[in-house]
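The first chain written gets the first letter, and so on, giving A, B and C; residue counts start at 1 in each chain.
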Amino acid sequence: MSSTTKSWIWFAVLLTLIAGAGIYVGTNRRAEPGKSFSYSVDDYRQVDPALLRYAEADGLRPAIKKLSALAVAPDGKIYVAGENAIEIFPDRTVRPVDGTPVCIAVDDDGTVFAGLRDHIEVVSKDGKSTAWPSPGEKACLTSVAVDDRYVYAADAGSRRVWRYGKAGGAPFEIGAKDEANGVRGFYIPSPFFDLAIGTDGSLWVVNPGYHALENYSPEGRLISSWQNSSFGIQGFSGCCNPANFALMPDGSFVTAEKGLPRVKIHNLDGSLRCVVAAPDQFDNGVTGLDVAADRQGRVYVLDPARGVVRIFEEKK
Amino acid sequence: MKTTKRRDFIKNLARGAVLAGIAGVCGMLGLRKNKYQCSGRCGTCKPANGGVCPLDSAAGSGFVWQLDPEKCTQCGRCATHCVLAPSAVKCFHSYSICGYCDLCGGYLRPDAKERNTGAENQLCPTAAIRRKFIEDPYYQYTIDEELCIGCGKCVRGCSTFGNGSLYLQVKHNLCVNCNECAIARACPSDAFRRVPASEPYLLKSNQEKRIS
Amino acid sequence: MIPAFKFQVSDFAVRVSEFRFPMPEFASGYKHPAVYTPAPSSLMAGWDIVALIAALTLAAIFVLKRRKRREIFLLTLFSLIYFGFWRNGCICAVGSVQNVAAGFFNPAFGVPLTVLIFFAAPLIFALLFGRVFCAAVCPLGAIQEAVAIKPVKVPPAVEKVLSIAPVIYLGLAMLSVAAGAGFLICRYDPFVGFFRMGASFSLLIFGGLMLVLGIFVARPYCRFLCPYGVLLNWASKLSRRHATITPAECIRCGLCADSCPYNAISEPSPEAAPETRGRGARRLGLLILLLPVLVALGAGTGSLLREPLSRMHPTVRLAERIAGEELGRYTGNTIESAAFRASDTPNEKLYAEAVALKERFGRGGKWFGAFIGLVIGCKLIGVSIRRKRTDYEPDRGTCYSCGRCFKYCPVKASCREKPAGSTPDTAEFRQY
């Protein structure tokens, strides 16, 4: 074999070896993690269609940004809180607020009690704001409710409910641990702590860590409670659910959850009545869903991810 | 008397030029102020914390790789793409964010029948999370780093159903600090970046008690 | 320059202080455990610089003054153990080229001093003393030297043609850095898997194959792939002092050229001129005229190759995947496309980025192609110029100063005393 031929063979062999190895390295992919390393809750996202008894109607599109809270006033108007403002439907008036309210409640005369992170701000009908002093340095207010006598503020940071008079002042403490009277204390892992006032004037409060709804008298005495922990549709999943709730005109509970976002209605004894909105009707991982119900039984859901208030009505 | 040939003269000239070039390059790159991927989070440039940006001096501590937990999508590639086996990425637990829940989203499987330490109820494929009762109704969860492989399953569970106190971080006693991190290249959400070696962690909370 | 071992006590303000939801109140007085945050062990960087400079200096002394193959080889083994296995082969001078380039192309890329020194020191030593870095300091060269037991000669023509491969590799690596597609050299470094005892399966196979090849074809990576070697080659051509084969007059026995596995020793020019001067001059003129043609051709080709080149960049690959999924060409998601869809970025922004990147690769490809064309042209010119040589000389560009030829040269220093022209005593011939 002549040396030129030998050279060419050498050349071809070396080139093939190096190029081949390089291509092999370049195109070889690492294995992806297998099934035992993947986490999926897709099974729980399915909801039996028979349970879905509410249909979505046209929603509201507020002009303000960063929607954070929702409330239905006794006169039927819808109050939506967002960045430094509160918008009122159907008039679409906007009332400025000093900060973004985490929660709001509306009185008979249109006064708005807005919970900013560590204190309550009272915004009167003509736009005047009064700030109440903060209930404590750990304060993290997550819900406000008002009836004709009292203003209740749920403080997730201090793990208490504060009861104020309509004019403010020093609050009365509800929720301190009192084993003898059955008050096991509020177990709150994250700032989702909701309350509402029933038609009889008693206070319904979520105890999120126990997945429970507890009924208190205005003096802080425990009247009753119900709870249900489950990933299934009949209970509440995750660490702190229901993240939000509201009371229907007949006293049943409309609950909104986070983690597996869904809106359901529970009967007075806690059993599941029906599903308003299934997880696939929401964006993945949405938090901050707020619910409210009006006198006609319509369910309003604040969807911060889509920036709208969604309205659900019972199917005929 | 030395006679310099023309070729040698040109060679000397060229050598001098190249030396000057190298010196110039090194000077330019070494002395300039680098705001290399300033995260805006370490706060070392504030006068209260020292006032000197660790990225400003090339004579500083150099750079290491770190995972930004805000961007992480828990795809599981931290466990498979590290050049080391097991991976240098491990799960961190932020105790100040944790809710200490009985029903822990990162510890228990979604379909767990009971809330106990039974292996059939645990989410972690290597059983690297330890659960300990503190007081009613709080439980403490700690990570056994010898067992953790950095797959991120608990991170996903905790972020979805909990406070997000479990998250992945690169442990620098294990990481060999490759010039180009293989995980960084494979990360689908571009969560890896270089941080100064004097501030090598991107923790979720600065309220942790830390030991180095 | 050696940093003291510092304990970074607290004040790790990683988050600007913001409101943190308070922890539960523990009635039992529970205190949560501390989090263990070990600091990186980059504190050896100072020792690396010391070791590098010391090893380079020693290598220069061994090659130029001591001229003993055994000492050079021992230093090579030390470098293999220290820079290779102890320091995990990273950061290495070969990869530092990318960091320096990244520092140039991206004003926000920080290049620490260690990297700059790893880049500059071997080049400076090459400018002064030849490729002593390759001889005894580079861990990649060291591992190849360690396995080069039965070297076989590669025909010089093949060697010459394949010597364009490292230049192409260097150009591609620079292109990749300039366009933000990452560090190619680090990704395809065959030996780093052995040094740090961890790599993907395919990289370990590649490394293994290179080592097996290295038993027979000495230093395959250095000769046919090393991009930094291109720079060292050019620097060494300008070197002030370089390894010489014989300490005294060459007797033209040819044993050195025979022993050199790298074809790095040039023979003395033959007595009679093989071709007329005119013919040689015409050919040279033709090649000089050909040079700009080659450059233009290279630039054109490089620019045309923008599509395949741009696929180096993950954003371009993602854009193609997303576009393919939208058009139905691909079914299902990859992890990347799923993560992209879950993010807020609109598809248009991704496509726009990919198009901009293709433009960048087109421009970069133009420079890359022109560079390759220039190097090929210069190599052709270099081959066609005949230098008159009376002795066997190492080619300053490709000689790695490994010192094998010292072992085989029969002429020893003691022969210097003998008058010129007389034959050396065979009794003086010493074995190493």
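The rule is short, and it goes like this: contacts are C-beta pairs under 8 Å (C-beta built on N, C-alpha and C of every residue); 3 or more make two chains touch, one makes a residue touch a chain.
Just so we're clear, the structure is a prediction, and the values are computed from it rather than from any experiment.
Chemist: Taking each chain's centre as the mean of its C-alpha atoms, which one ends up farthest from the centre of subunit C?
Modeler: Taking each chain's C-alpha mean as its centre, the farthest from subunit C is A.
Chemist: Per-chain C-alpha centres versus the global one: which chain is nearest?
Modeler: Closest to the centre of all protein C-alpha atoms: chain B.
Chemist: Between B-C and A-B, which chain pair shares more contacting C-beta pairs?
Modeler: B-C
Chemist: Counting only Cα atoms for the centres, state how far subunit A is from subunit C in Å.
Modeler: That pair's centroid distance is 57 Å.
Chemist: Per the centroid of Cα atoms for each chain, what is the distance between subunit B and subunit C, given in Å?
Modeler: It comes to 28 Å between the two C-alpha centres.
Chemist: Where the centres are mean C-alpha positions, what is the separation of subunit A from subunit B, in Å?
Modeler: 32
Chemist: Subunit C: which residues touch two or more other chains?
Modeler: Residues 21, 24, 27, 200, 335, 342 of subunit C each touch two or more of the other chains.
Chemist: Two or more other chains touching the same residue: where does that happen in subunit B?
Modeler: 75, 77, 98-100, 163
Chemist: So which bits of subunit A are touching at least two other chains?
Modeler: In subunit A, 30, 32, 187-190 touch at least two other chains.
Chemist: What does subunit A use to touch subunit B in their complex?
Modeler: Residues of subunit A touching subunit B: 30-33, 36-39, 41, 44, 187-190, 209-211, 229, 231, 237-240, 259-260, 285.
Chemist: For the complex, give me every residue of subunit C touching subunit B.
Modeler: 3, 7-8, 10-17, 20-21, 23-24, 26-28, 30, 32-42, 45, 88, 90-91, 95, 98-100, 103-104, 107-114, 116, 119-120, 123-124, 127, 182-183, 186-187, 193, 196, 198-200, 235, 238-240, 314, 335-336, 338-340, 342-343
Chemist: For subunit C, which residues are in contact with subunit A within the complex?
Modeler: Within the complex, subunit C touches subunit A at residues 19, 21-22, 24-25, 27, 154-155, 157-158, 161-162, 165, 188, 190, 200-203, 205-206, 209-210, 213, 217, 220, 224-225, 335, 342.
Chemist: Flag every residue of subunit B that touches subunit C in the complex, lowest number first.
Modeler: It comes out as residues 11-12, 14-15, 18-19, 22-23, 25-26, 29-30, 32, 34-37, 40-44, 46, 49-50, 55, 58-64, 73, 75, 77, 82-85, 92-100, 134-135, 138, 140, 142, 145, 163, 171-173, 175-180, 182, 185, 188-189, 194, 197-212.
Chemist: Residues of subunit B touching subunit A in their complex?
Modeler: 74-77, 79-81, 98-105, 110-111, 123, 125, 137, 151, 153, 156-157, 160-163, 186
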